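Here it is, the structure, as structure tokens.
Order as written gives the chain letters A, B, C and D; numbering starts at 1 within each chain.
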Amino acid sequence: MFLEDLFLLGVRVVKDQEVKILSNIQVSERYWHMVVDASGLASDVEPGQFFYIDCGQENESFLRRPFSVYRINQDDQTLEFLYLTKGLGTQALTKLKQGETVRSFGPLGQGFSLQEDAQKILLLARGVGIATLAALAQEASKKGVQCAAILSARSHNDLLAAEMLQGFGAEVHKVTEEDGTSDVENVRDIIEDITARHNIDAAYTCGSRRLSRLLQDITSKKDIPAEIALEEHMGCAMGVCYACVCDVVEDDEIRTVRVCLEGPVFPLQKVMMQP
Amino acid sequence: MFLEDLFLLGVRVVKDQEVKILSNIQVSERYWHMVVDASGLASDVEPGQFFYIDCGQENESFLRRPFSVYRINQDDQTLEFLYLTKGLGTQALTKLKQGETVRSFGPLGQGFSLQEDAQKILLLARGVGIATLAALAQEASKKGVQCAAILSARSHNDLLAAEMLQGFGAEVHKVTEEDGTSDVENVRDIIEDITARHNIDAAYTCGSRRLSRLLQDITSKKDIPAEIALEEHMGCAMGVCYACVCDVVEDDEIRTVRVCLEGPVFPLQKVMMQP
Amino acid sequence: MSTLEQKSANQGCHLRVNIGGLELKNPIMPASGAFGESMEKVLDFNHLGAVLPKSITKYPRKGNDTPRVCEVPAGMINSIGIQSKGLQYYLKNIVPYYQQYDTPLIASISADSVEEFVEMADILGNNPGVDALELNISCPNLKGDGLAFGMDADVTYELTKKVRGITDVPLFNKLTPNVTRIQDIALASEEGGADALTVVNTFLAMSINVHTWKPELGNVMGGISGPGVKPIIVRMIYQVYQASKLPIIGCGGVMNGEDAIEMMLAGASAVQVGTASFIKPAAMLDVLEEIKSYMQQYGINDIYDIIGKVHFNQYEEG
Amino acid sequence: MSTLEQKSANQGCHLRVNIGGLELKNPIMPASGAFGESMEKVLDFNHLGAVLPKSITKYPRKGNDTPRVCEVPAGMINSIGIQSKGLQYYLKNIVPYYQQYDTPLIASISADSVEEFVEMADILGNNPGVDALELNISCPNLKGDGLAFGMDADVTYELTKKVRGITDVPLFNKLTPNVTRIQDIALASEEGGADALTVVNTFLAMSINVHTWKPELGNVMGGISGPGVKPIIVRMIYQVYQASKLPIIGCGGVMNGEDAIEMMLAGASAVQVGTASFIKPAAMLDVLEEIKSYMQQYGINDIYDIIGKVHFNQYEEG
């Protein structure tokens, strides 16, 4: 069965609802952090899944914006998002205040798969890609799976999730343009070093095409299962409009699949990375 | 010289600026009251003049909205507006909070004329039309001119300016649908009674076509100078787009003039009241 | 205006409409391309007037390069390019899937030639699972500067007549707004034998990123939809209503019940909802509820008391 | 894209543009109908690229019934109906008034027949106070279902050629967007002898009040302007730029500097600002300042390095 046929079968309840904002604060020059009340959600949320959020239609932000869950807190039934302010939508989102509600549709899409018997996993994040991988690190920590993470960013200022990952017991490597350490070859060396020292059961990446190609190359050579969380501009976020597509190779055939429904997480080897 | 040529001559400074909101509160079921800091205004404001206010472009309120000044407080340099919530614009305006600013263009248009030697004037207001006449009552009170006012409204709830007028020493007559007293014939009787008891030097009206026709009829018979403040949908509010026109008769000719520039106040006898 | 007077008691709204022989339980249906099976998670398709999946092409199509959508003030531009799994998949999977619902299925057809339209209409129109055909003669996403069959009255007439010859199923022509006189295309459709008109598809549009100097869409141009263009469409519905006797399905920028009522006042007998479902997944049901409240508020019992009832004081066009 | 690279030092922006023989100190000018003498109170006309008063008709015109404007999402509809004091008043008052400014005057002409266009162009084009003519062949407000000269290529050609024969002043044709192929009208204008093209006038539109069941405008239909329709206009500018050699004046929905840059990237050499002045009276000066900042930010010295420079990866239209 192909990726694209898979998800019409399972009827999972997805709700579009107003969720209460518990906090929404700026955490660095370009990053914001929002916590919402998730007690009304219809289904469990998995790392890698996302919500389609109405950032406020003032400021001409007409369409919604997709954001993955950054942390899933089952105990106090909250969800966290980490977002980079970029254009109209994310700027409008910063205007929302604690106590207000935000219209949010989800959880959507397919999350990461974390094998029961995994011992050690590798995370490779660029920029705000960490927002997507952090929830996986959180789950890994909960399941006792060890984590090595490489975080790449423009500047130290943008590496704010590093401490959280360290809090989960992860081995964290930071590379930045600021330090001149973020070039692909240096990252390759770090990955080679990690894979030499540890038996990596699975690798995950988000946020950079360049780094994804690198990881595709390394993991295919070493035969490490790997997944990638993709981003594409969305219309419906529910699989009907075919705005958010990417090409995957399955059974030697190129198939154009939807990031919002069959993704955003895909087997890294299947994804045709555009140059 | 015709009305429409008059106002190209005088160069008055008009500014479009952010003014600070000192308060913006609901005063009855359908009415709100807003006070703004007027210390930065370039010119004095006259009763009957208006401001073109950006109610917030969210909520699809794309164009600005015209509002006359309700009270002009020279001592503490504030301006007051009284507005009826109606559609997108006025609803958006209610969202603005104390301490925020509102973009406001004005003062615009031609105000009421109040002769130096006037002793007693008559005000005839329907609904929120009182918002426009109130500033005139305030000025009359300041100049020692006596005021008789007839306020017509749907319900008592909508007659909120009555007390303010009484505070200015005005003789106030209230008529409402609620009481079944607002029909034209009853208003005619009240006006006839007032003009029988007093020597009325000038009459002013705003807010109702029906009542304006009535006043036009009475004042022309009795040869009392009268003025009316008109309302029309606006585009530019500065006399360039010709959206806000009405027909006036001057020298036996029908002329189509602009409410925003040659008005909103016009000699009542000149205005061709549509049926 | 007596229809607007509050009537004493509201004995339930009659929402049924007949669109060129197709009976709908209510006038709300999706716009093609903004609806599909996976929406079953968010709304019950039995509540819709009709279901209308994305336009189908004869052969599988890959569609255009990404980005395929971009946002503009009060709207969006799309250049999906009709990604499609082809007619065989549609017959095998899509048509049977919708059989489970008690809602008529309108199949939207897109084709590269008149012959292909006829061929597909033959197959789909004679399939018992298909209740009506919408001919997408207006998709502006194809290469060749956004040209579409529906831009030419003669081509529209030919195409419609040939398709009409091959099937008896209700035939809806989806018109393009990118024309000088939409009335001409409406009349060509009517003369060719169409049973109803969908007014309209998207306007050809383009957006450029001023920081990268590149078009926002991979395909350079696309079709603009959403509330920003609705006033142009209301005008077109009104013009088509004046010119043609065919029932009209209004489409473009309907975000709420009042937008739908506005189109019906202008002359639409039914209304499609597209982009609004992206902003609010269950928008179609909200629109329907708002129409019901509106009818209740004004004491209107039958939706037909609204259709085409825009009211003039003076000016009537010739 | 080297033009986007930050250049070392910015030695001031060159904003001069030449529009079909008319030299402008910068590319920003008002759109006809959204500008007039009384705006002198809010901005200095010497800062504009050109002044362009409301279209003038031969005889005084009363204009349409009120309401003449209504608001729609991201835009407005107007049906002023070209209220006008007639050509005599214009020659006696308007033209002399603008002589006090060091800014070229473009006179917009509206007429009911080709002959009237020629007659007015003769008088205005040969008046030393008038620096260029804009032929409003596109006003959709006239009775008769919004028809305009600019909807027909042959009529456009005839009209332009006749006007060209009577005057040497730079001649700008203001096109209508209400056509199937704007390129055809552009080419007809070029062949007829126009020196530049204003792209475009308003789209014919209509809005109905769902509570009164009446059209929002006294005239039923009007022209929609504002940012909601800008993406359609950017597409048209791009199409006209590909099809015709004439300089283009972009017009429609420009609210800020980036909107103006977007139109220039698509191919416009100058840009008109209309509705934005209603939202912000000094919008034109803001747009100009924002263009300057943009050029500074990206180290662009000459505005000509932006015009028509939209950049493609793959698709080039034929």
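One rule holds in what follows: contacts are C-beta pairs under 8 Å (C-beta built on N, C-alpha and C of every residue); 3 or more make two chains touch, one makes a residue touch a chain.
These numbers come from a predicted model, not from an experiment.
*Asks:* According to the touch definition, list the chains common to the neighbour sets of subunit B and subunit D.
*Replies:* Neighbours common to subunit B and subunit D are absent.
*Asks:* Measuring between Cα centroids, what's the chain most distant from subunit B?
*Replies:* Greatest centre separation from subunit B goes to chain A.
*Asks:* List the centre-to-centre spacing of subunit A and subunit C in whole Å, with centres computed as mean CA coordinates.
*Replies:* About 36 Å, centre to centre.
*Asks:* What is the distance, in whole Å, between the centres of subunit A and subunit B, each centre taken as the mean of its C-alpha atoms?
*Replies:* 58
*Asks:* Taking the mean of the C-alpha atoms as each chain's centre, how many Å separate subunit B from subunit C?
*Replies:* 47
*Asks:* Which integer distance in Å separates the CA centroid of subunit C from that of subunit D?
*Replies:* Distance between chain centres: 33 Å.
*Asks:* Pull out every residue in subunit C that's touching 2 or more other chains.
*Replies:* If we look for residues of subunit C contacting two or more partner chains, we find 72-75, 227.
*Asks:* Counting only residues that touch at least two other chains, what does the list for subunit A look like?
*Replies:* 57, 60
*Asks:* Write out the stretch or stretches of subunit C touching subunit D in their complex.
*Replies:* Interface residues on the subunit C side: 1, 3-4, 65, 72-75, 77, 143-145, 151, 178-180, 203-208, 210-215, 218-221, 224, 227-232, 234-235, 238-239, 253, 258, 261-262, 265-266, 294, 309-315, 317-318.
*Asks:* For the complex, give me every residue of subunit C touching subunit A.
*Replies:* Interface residues on subunit C, with respect to subunit A: 33-42, 54, 62-63, 66-76, 78, 80, 83, 226, 277-282.
*Asks:* Show me the residue ranges of subunit B that touch subunit D in the complex, using the header's touch definition.
*Replies:* Residues of subunit B touching subunit D: 7-8, 11-16, 54, 57, 60-64, 88, 103, 105, 232-246, 256, 261.
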